Amino acid sequence: ADSWSVAGLTFNSRLLVGTGKYKDFEETKIAIEASGAEIVTVAVRRVNVSNPNAPMLTDYIDPKKYTYLPNTAGCFTAEDAVRTLRLAREAGGWDLVKLEVLSDEKYLWPNNPETLKAAEILVQEGFKVMVYTTDDPHMCKRFEDLGCVAVMPLAAPIGSGLGVRNPYTTRIIVEQAKVPVLVDAGVGTASDAAIAMELGCDGVLMNTAIAGAKDPILMAHAMKHAVLAGRQAYLAGRIQKKLYATASSPLDGTFF
Amino acid sequence: ADSWSVAGLTFNSRLLVGTGKYKDFEETKIAIEASGAEIVTVAVRRVNVSNPNAPMLTDYIDPKKYTYLPNTAGCFTAEDAVRTLRLAREAGGWDLVKLEVLSDEKYLWPNNPETLKAAEILVQEGFKVMVYTTDDPHMCKRFEDLGCVAVMPLAAPIGSGLGVRNPYTTRIIVEQAKVPVLVDAGVGTASDAAIAMELGCDGVLMNTAIAGAKDPILMAHAMKHAVLAGRQAYLAGRIQKKLYATASSPLDGTFF
Amino acid sequence: ADSWSVAGLTFNSRLLVGTGKYKDFEETKIAIEASGAEIVTVAVRRVNVSNPNAPMLTDYIDPKKYTYLPNTAGCFTAEDAVRTLRLAREAGGWDLVKLEVLSDEKYLWPNNPETLKAAEILVQEGFKVMVYTTDDPHMCKRFEDLGCVAVMPLAAPIGSGLGVRNPYTTRIIVEQAKVPVLVDAGVGTASDAAIAMELGCDGVLMNTAIAGAKDPILMAHAMKHAVLAGRQAYLAGRIQKKLYATASSPLDGTFF
Amino acid sequence: ADSWSVAGLTFNSRLLVGTGKYKDFEETKIAIEASGAEIVTVAVRRVNVSNPNAPMLTDYIDPKKYTYLPNTAGCFTAEDAVRTLRLAREAGGWDLVKLEVLSDEKYLWPNNPETLKAAEILVQEGFKVMVYTTDDPHMCKRFEDLGCVAVMPLAAPIGSGLGVRNPYTTRIIVEQAKVPVLVDAGVGTASDAAIAMELGCDGVLMNTAIAGAKDPILMAHAMKHAVLAGRQAYLAGRIQKKLYATASSPLDGTFF
């Protein structure tokens, strides 16, 4: 089967989903089941995974069935991010983590220098770091070189729904990478996810595109099919683009 | 279930496929099964459906299981197209047909004036005409008004693989139409099919994108998922596009 | 100099402009001067060119200095269009005309079958017909074959500001045409006009993009420069697109 | 007039050009004159500005007439870049400089961490630093905050000719910046430059797009007009995009 691996774990689904922004845990649970995801991200600072007196995510999304990926949503400095993940490891034993350090509350854009600082510390402390960053080929290479187990370049700003804004940088990132490349953030609809996979990415992570749709459950189904479709199309080898069918050669460096 | 109807027939699959350009009928058969299609187009002038001394398509694609849609591929005048479909009706009893009249051998672009002439005759003669045309809102309306049972605007030139070149005209066509709108021709890869469906089309028809892929069977799988993904995303209601998540309003008429 | 010719007349400016939608004739005059246009379209049914008791366009835009191009804006049938242009010829002696027949008041999309009918009559009656149509390679060829002196495919719906929606069809039209190709309708801003020219078109016609800008005069200047820029870039021969500078070959038929 | 300022100097032209990749200094000179540029970048490590026994750039491009902007092309570490600019200051007294630190010889992508290190040192040493970087809103803000006098985000990889790949990030950068924003690298043709200016950038810097065109001199003219066109269109306030002219509202967050 067409599986992929990260940090020694192997997965069949290439769609990773967030657990936030749903109406309640019941909807979260149904949407995630519909998506077919095997890895779910959990915002350690926001989602209740330890207070037994409030509804707990773990009661709905079984940590034995799903791989929990604690993330550092809400952290704006390396220090905060590192502290958050240390707490997560102490609390749940998680060492496979998603690192994200953002710039500010308004744009929620990755802060690469702080992310770099945090990544260096976390890798040294034995975390298996999947790192959220910009679609910057140099930074992705750098994170890989310092020991991150996966790079997660954005498609577009978190929650923007703009899709893969720059397929060219994504293609360069894939071309260079020896660790899995997962497009993370910015997907708006099914075709966006398919495009990410057609570029050769190993997977796609999303949250708002599903949780924010009018019908989140149906959109979760859509995304499951979209990721499969994009992956299979990538493997199947698409026809080349031509100005018209009988043209003797594909469109070249003067296309539009 | 999310079915659609044309000429009194109801279908669950929204992917229609051609039967040409495969290595042999065996590959045709496996690819079509993988695509999940229920309607297959057949180029009456090119595909053997009646000579029992040569391999016959009907031995591989069971006409009781699939709806055969005879088309007029290779016709460049109304007269030719009408004659071709009359022969098809006599031979196989088919009256649900796909009309296409092309301009020339080089660009294979629809010849709308000749298509219009042919459509008028065929509708009068009792054919149920699904009509291939340009993504021209006026022509699509016109074909609908004269009694065609479905309009099939191109995404891009046949065999070009360029995808939905003009989502705006497609959106206007969908907005206006009371008969099914099927995007036909120009799809190159899975995301193209998803995009067509996200625009609100009722279905997608393709041939080269599957038959011309390096691995046609796998691409057929991809397209099945892509059409489902796009359809479900359309029904699910995607999030709006914003410059960034916390922007107070979606991107408006000055976007890029 | 880099001039172009239509119907035996030679022009240096490749920007053609409409005369409608301005605040008053004074603004029309200043904007048109700023645009550097030598040809102006005049909606015969809407603009006063004959009643001496009301402000007349001809008092502001000197018909000796500018080539007036009467158009059939507001006509929805061949009959109406033909009658309108016959009146224009009687009134002003104009036989170089812009033919447009639209589908309806809502979408203002070209009605090609009626346009075709009108073009046949007008050409026979000795008019020099510049014809507004869709970006349909077959129709453009057809209009050329029946004797039109220029074809004017749309970039996008009139007044939409969406720019050249389908550069591929425009490129095919240019590749085929032996008469001038002028992109007409749909331009929104300067880069849209530049793109039209970079595709090899002979000129661009616009009205709303200038008259509807917040500062029409300044936008007229912008468009003058944009058309020049696009034309010169076309002639200068742009560099090919590559994924990165040191790539050994330009991007080919699998680009995005 | 519509001038702009950086580091206390005021300029009328918003097109900045490189001096490399031309056939010879004579062509460099004519192309730069045609471009109307007032600022020229000079690769300190590559261009002869001091050896009187070889042709010198200064003999062709008068440093009294043009503002020389020494750059660090060819530097892959902060240390190299800093050393190069110190030498430039010693040799020619230049303290207004363009800092660029690239990742490697293949992709020539900005190395932001090294660029950050170099910028901190150079600003402290009194250089006025115009900094080449990615189209990363956080990094641009960061460079501004530490005292850079202008930020120069790329449009696309150097020499790729891909144009402004991500107008959305560029728009966020412009929205945030208090120093001039100049798009640098990746422009391929005239419309690309116009688009950069329509996004509200203060200027555009290019080299390959002109020097690599078939006719560099004519392309220089094209770019002069394109930058003017884009700037004027930005100031003039374009019409909004609509699906069709009579639509009651502009296209919103569900456009394509």
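Each chain carries a letter (A, B, C and D) given by its place in the written order, and its residues are counted from 1.
Just so we're on the same page, a contact is a pair of C-beta atoms (placed from the backbone, for glycine too) under 8 Å apart; a residue touches a chain by one contact, two chains touch by 3 or more.
Computed from a predicted structure; not experimentally measured.
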Chain whose Cα centroid lies at the greatest distance from that of chain C: A
Pair joined by the larger number of C-beta contacts - A-B, B-C: A-B
Centroid spacing, where centroids are CA-atom means, of chain B and chain C in whole angstrom: 33
Length of the line joining the C-alpha centres of chain A and chain C, rounded to whole Å: 47
Distance between the centres, which are taken as Cα means, of chain B and chain A, whole angstrom: 34
Junction residues of chain D - those touching two or more other chains: 107, 109, 157, 160-162, 168, 172, 195, 238-244, 253
Residues of chain B touching chain A in the complex: 105-109, 157-162, 188-191, 193-195, 198, 208-209, 212-216, 218-219, 221-226, 228-233, 235-246
Parts of chain C lying in touch with chain A, wherever the complex brings them together: 167-168, 171-172, 195, 199, 238-244, 249-256
Chain B-touching residues of chain C, taken from the complex the two chains share: 103, 107, 109-113, 116, 134, 136-139, 141-142, 156-157, 160-162, 165-166, 168-169, 172, 176, 253
